[in-house]
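See structure below.
A, B, C and D are the chain letters, set down in written order, and residue numbers restart from 1 in every chain.
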């Protein structure tokens, strides 16, 4: 059986970890299989959980969050028969042949929702609330800003990070205050890439009557008609696929972008009224161009810089 | 910074100061009666959870508030039992209560809602909505005063007004009523109260109960006013900041108001601005985060006037050894 | 005469308190629809029935020994050091700086260097509250709490702005050089055909902790300094009469206490993660309070209590691993243990005292 | 007269604090309109008995009758309603409240303070006039002198319309003049028909003012007698259970060289109040210099300065050599090193560490002595051995060095301290209140030890609030008042009256100006 280890944010963060859970659940329902999962409690537990699952014969062991890459690197060699998956993390495949690193092209998905934000905005000011200030989140912000500027070069993009520690993933109060601040600066669409903190952002946006954009999972349902869209990061798909592959999982490094349907934007009944056909057409067009390589979206983490926004 | 931004910052100062103020006044009642309470954090957290949980199940924020208060008062009761009846160490009891709340809230939340220690998001009647005071819209056109009234004074949830009203109320109770006289006396010299024929235990339990009540409101405000639901550890150290504010305020109600507003302002500024650039000199956000604590240490060091706690504070009242 | 024999106070009271806490914990487990016996079985199996389980139990215990000793040394001078968390955090910084910026030929030298660094940084972080307490009478409980928060902010700043390698996501330092890696129990005790402690983080610093126990015991009960620390703790006025300087003793006791807390980082930062993490202490500073309380501030008691809490931690991790009981159950159990052994101990002691009085009276007739 | 109903009658009161039986089957009757004295050694259970009557403690057994009616007194509230007021040995006042607030506390007239305060102000004024009990109602209690604080306590009782007033050792903290004033008040109250119970250690006071007196020993009531039909000697015997010498036999002193010269000592406390205002005195080998005075007039501070744990300005010479009065070298350790022993006034808070064992206490202060060390560790075996010898020689009971100090009675605790200090053979011995809290039997022993030391040629500075003790031990007597030495007298050539006046700040020539007197002296 496969096993799944959630990062400290917890299984039900309504976004990243929950996506992995949903993917695993879907896999289990479809195949009738079962999986083991655990929410981490402490740093020392990271390795412990990996080892316990490997020893108990779970295969593959799927983990979420970049923080798991270091523990996996130190554990993997001890369990050569077990396949480890690190979603969002990177482990050198040359050194550890039994590890699959799954990375997402978050900047591409963010670019699309950035376009939607710019098109939905009336004020010409949109904003971004990030969780912990790390390159990964800047990658979201950078892609988003590029998308906004692509639609409206004069648009203002306000960006705020919640904090510099993992606590920033779970501080809805701060998310809410940041959103209020952004609203006062004119923003009328806010994109939250902040784990649990994002719930405070979406909530406040709904309360204050502006649009918001969810992240990772489809969060449109949280405030129907008030969430413009969600930047999908198909952690669920990646998880389900890894689980389906079972012990035969192909290892190495996998980058999932628009082309692989690894990222995208959410469109459902909840936001149908918010996204006009024109908007949809524009976004689909851009998507095709990105896949085709006609538009290149700058990846912040490639050189720690962003042309569209400064941090 | 233009005036509107300033108003916004002050506006969020008010919101962020509210839970601090309620918790600070809660601590004030308790410590004035001689019961130290570092469990403000835990009580708030417990109340935050139960208010959100009950509000989400019943759809009534008022029932939620009651549940929050009740749960906080249960913890107060435990603290009272430990520190009044069984003359235990008040600090340890407080530490235990903080742990208990941190664990139980998530445990119960998970058991009830299976959402990883969260409550479902609160909708409609499950939350305290902002109240628009009379004429707020009409007056908003008036320069300076209008926006101040409409943005800063109007448009908060009822609990914010309750918290601010608690300040004069606390002052009046403490200094103008029999109960206040006895309460202050029991924190200074419980044996004087005892020999004057007043029950030390009764007074202290009353103080601890009021503390629970106010912490309950504070927690409910966090989960159903400031936020729409409970997430784990959502008090995020506010109980300790309230404690810091209490020392800052030298255990006096009006000073407590200013201290909490100050700390609220610090939080509001830290929230809004990451690193603050003072003409080339950058104050990192971590300094803003730590500032309330640093200020408290400075106060405690007596560099800004000495904070003398109630004399009998922290000591159980023991007649027979 | 005392109301109760010393052994009863030292063993019976904590034991009964512990049983009460356990019973209540069982009720909590029942209330969330799980079986307490099953849970206990899982915990025992996961923590004590495998060598790797022991490896974790002892790893956690090592932390708790250090913080427990720290609390108890301060407590002998009647100070309540709640700042273990912050002191250990700073201790971690000390370890990291020593390991990252000094070239070490061998782990044994690195261990000495890192221990000194950890103890020095931890002690330094205790110095200001100590000095404020001694000189200005600022309540050490409040100042150490404040210093916990300040330490977190400071480490946050240092990690994010100074130590974090470029491009890294985690607020963590770079991994320490190989020469500073401490031998783990696995390396020390495994043989080719009998692998023991596989993957467990327990490492040589456990023995450092044992040495610390003995050293603290000697310090408190066999040296002049310990004599003076205890004297001050029992009576400041008497200490002053005897020519013992309260300022000096308060500062020294807190330095030792802070140093012990700091030493915990050798285990977590150098022994386990081999890099400096944001939240490496994970509440061990607070657990130290419970450990010291349960251990009655005696190093031997601290050792036993630390083992118990190590078991709880590891057992709890196993629970979370194999059942749907959330990890917070352990937090609740901790809370109950602290509550019953620390704050509600009189609830047990008072009836016991009465019992002992009765026992004493009945055979001998009325006391004279 | 037919049998009148007693104002108070206690029947079979028993009370245990853990293993300590503080009161054992005590019965007592007090007639209305009388002053009833209670005497007894320290720890005899006097305070406990009165606290039971006042509802502060709950008796384990026994009954209380007030004016013939059986009354349950579960708490002080009940006692107050039964018309009982009590002035405790240790005042029960809220220091940072005003007098007025203290008086109304617990006796307010309603939920709001304002009317109560106004009413109390009026009542207080009336009471003050009636009983010569004036205090500023708006003063903070912490700023009042002890005498005035006591008045507040009495006013508290009267404000609650107490008919029965219990005073627990009220004169311990008063000057003779203040004590006289208090007794006048008590006389007035008795004349009004109030019933008063007075606890005191001073047989003189008993003889002077009470109508009847009860003696307590070890928790039991040993006798109740009419004051007019007894004598101090009889009472002392009843207290201890055997005949006691109230005076010590001693030969005249043979003073030698000046060992200690104190000149112009000044000391300010942490609140900036000057507690020593230019104290000068000297002390010779082979003499006992008694330092008399009401407590709180600087004697304690003087001892602390000489003992090395308070800093001061001025000059102190020991054997002609100047010693440090502040800084690094001003410590108890340094003083001990130059041969100054010190039996502190408060053995429980200074002289001993109560939870420490007797052997640990027997080296307290000398614990850095090389003979107690082995390497970097302390040589506990040697210390224990040493302690055992000391305890035997000083007849400490039980002579078990492993027992915690708190488990010894007060007298034996004092013996441990004395043994420790005397056996060190100091040149100068500072002794504060050597027999406070010690039974009369042990007092004899302690006094003999002090005289023996004097006869060996040591210099002894004795501080005591008991004039009797000062008289029986001292060769010369210095009196302190308000931080100054009022004068030094030859013990043989002065009397209680003269010293009493000096203790109140009045010198022989009639001046009340202390500063002026200091210049003379």
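FYI, a contact is a pair of C-beta atoms (placed from the backbone, for glycine too) under 8 Å apart; a residue touches a chain by one contact, two chains touch by 3 or more.
These are the chains along with the protein names UniProt gives them: B, C = Nucleoside ABC transporter membrane protein; D = Nucleoside ABC transporter ATP-binding protein.
Quick caveat, the model's predicted, so the values are computed rather than measured.
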Chain whose average C-alpha position is farthest from subunit D's own: A
Contact pairs, highest-scoring chain pair: B-C
Centre-to-centre distance between subunit C and subunit B (centres being mean Cα positions), rounded to whole Å: 30
Centroid distance [mean C-alpha coordinates] between subunit D and subunit B, Å: 47
CA centroid of subunit A to CA centroid of subunit D, Å: 77
CA centroid of subunit A to CA centroid of subunit C, Å: 38
Where subunit A touches two or more other chains at once, by residue number: 39, 133, 164
Two or more partner chains touched - positions in subunit C: 156, 160, 326, 330
Per-residue overlap in subunit B, given as positions that touch at least 2 other chains: 117, 232, 286
Every chain pair meeting the contact rule: A-B, A-C, B-C, B-D, C-D
List of subunit B residues in touch with subunit D within their complex: 175-182, 184-185, 188-189, 191-199, 311, 319-321
For the subunit D and subunit B complex, residues of the former touching the latter: 17-18, 54-57, 75-81, 86, 88, 92-97, 101-102, 104-108, 110-114, 116, 156
List of subunit C residues in touch with subunit D within their complex: 1-3, 218, 222-224, 227-228, 230-231, 234-235, 237-238, 240-245, 353, 357, 360, 366-368
Subunit B-facing residues of subunit A, complex: 10-13, 39, 133, 160-161, 163-164, 167, 170-174, 176-178, 180-181, 184-185, 196, 199-200, 203, 207, 222
Subunit B to subunit C touching residues, read off their complex: 38, 78, 81-83, 86-93, 95-100, 102-108, 110-111, 117, 232, 237, 240, 243-244, 247, 284, 286-287, 289-290, 293-294, 296-297, 300-302, 309
